[in-house]
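The first chain written gets the first letter, and so on, giving A, B, C and D; residue counts start at 1 in each chain.
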Amino acid sequence: MSLYVYEHTVSFGDCDPAGIVYYPNFCDWTDATFHGYLRDHGPGHRSLCAELGARGLGLMEVGMRFRSPAVDGDRLAMVLESIDWSERSFRVNYRALIGDRLVLDGFETRGVFVPGADGRIRAAPVAPLRQRLG
Amino acid sequence: MSLYVYEHTVSFGDCDPAGIVYYPNFCDWTDATFHGYLRDHGPGHRSLCAELGARGLGLMEVGMRFRSPAVDGDRLAMVLESIDWSERSFRVNYRALIGDRLVLDGFETRGVFVPGADGRIRAAPVAPLRQRLG
Amino acid sequence: MSLYVYEHTVSFGDCDPAGIVYYPNFCDWTDATFHGYLRDHGPGHRSLCAELGARGLGLMEVGMRFRSPAVDGDRLAMVLESIDWSERSFRVNYRALIGDRLVLDGFETRGVFVPGADGRIRAAPVAPLRQRLG
Amino acid sequence: MSLYVYEHTVSFGDCDPAGIVYYPNFCDWTDATFHGYLRDHGPGHRSLCAELGARGLGLMEVGMRFRSPAVDGDRLAMVLESIDWSERSFRVNYRALIGDRLVLDGFETRGVFVPGADGRIRAAPVAPLRQRLG
């Protein structure tokens, strides 16, 4: 299953002294995958937030399991597999592959963050976002 | 409880267009916290790996819950709270605080990765590392 | 000469497969040094921009010469040495040191970017900023 | 003129609180462009270094002028335009474009770094690299 695929060729500078991808870069690529999906299925993050009166579609939780290493020159496909919608959050599921080899599976739980009456940010219902992304 | 504290003042460039810390940077800081701990309780990652015949003390899994946002100028304390030792992995537990406010709690599960007879990397028993870090 | 010093202990994740600092990180640290200076000599970037009606104190040019390598564990001092003020730009001069050893010298040329009548961003006179940072 | 083009769609996380690309990311992309060129015109950095007895093709100097901003969703083409070869260094010239609009022009001066008899790293003649890249 796949809703969107982000492709990235791993570069020297993505890797650490052990010669494999420095793991925070995987978070950078899952985030880029999510934002690519938003542009592919709608007007992109900025316009979506304007429509929804939101400050951002930010992170509540992240989890990743690293299955095999990636090195300079590897062609990585970061797959946004599915989204599980809850009341005030949604979970985006990812798998990263190099060819057939699984590199990573994981998720980001995100919310639609809006400013409340007291000025503090809170997580709003996600139904309008879900409907918009169709 | 605290085994090590990494301090970082959040800077403009750590933040995204919503004005809050771009979340992969938190992974960068947990990693830096772990490596700071290795230097504080031993000879540091490179020398430790040489002693243990390891290629690296790399990631198997990561999980983080984002509790409140951090912005430019915030003084962040990333606390390495504890390590849970298993047979061939260990889980490093973190909390990030700005003053008394909780920003993040999470963990990294890491292994001691050594080259096997077939040249492939595998997770070795972690007891020697545990003993070395005392 | 020194207007501000930003200290950073180089970590494993800052380094590339050659084991030395991946160079874009130096830009990250000069930027953090500039923003630390803004907080040290004034109210910080966000408040300064609000005062000046500016969108940001952004980059027009950068130049760096890399004099010697830095590795995991090195204690780096990024020194903001001086600022050369022009009419609509200012040049911030840096040196990075590990102990007495020069690692880098360089500069960032920045402007005070304001929205013009046509909505486009342009570089405003820097005199108000200079006066404010005193 | 163009020896290689690296394409990147700017993502939310590449941008700073002013909503434009955080400038160290441009250095990340010039570095990725150079390494993409090495894979396109030869066996890539790792194998090239093994052939040349080099530790890396590292940075001696960098310079960039920022001509116009880039934002989330922009399709950036980072063009490696030419290489100027000297005796013990080479200068790689870049232009970044969004459509016809110039975003950045700049250069990286790099060397072929080899371990000397005393164990210290020094810049070797670049002629063998030049010949290999043809």
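Keep in mind that, in the parts below, a contact is a pair of C-beta atoms (placed from the backbone, for glycine too) under 8 Å apart; a residue touches a chain by one contact, two chains touch by 3 or more.
For clarity, every value in this text was computed on a predicted model and none was experimentally measured.
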* **Chain labels contacting chain A and also chain D** => B, C
* Asked: Across the interfaces B-C and A-B, which one involves more C-beta pairs in contact?
  -> A-B
* **chain B and chain D, separation of their C-alpha mean positions in angstrom** => 30
* **Distance between chain centroids, defined by C-alpha means - chain B, chain C (Å)** => 28
* **Whole-Å gap between the CA centroids of chain A and chain B** => 22
* Structure fact -> In chain C, the residues touching two or more other chains are 12-13, 16-18, 22, 24, 28, 31, 46, 72
* chain C residues within the chain B interface of the complex -> 9, 11-13, 28, 31-32, 35-36, 39, 44-46, 72-73
* Asked: Hey, which residues of chain A end up touching chain B in the complex?
  -> 16-18, 20, 22-25, 27-28, 31, 46, 55-56, 58-66, 69, 121
* Considering the complex alone, what residue numbers of chain A touch chain C? -> 12-13, 15-19, 22, 24, 72
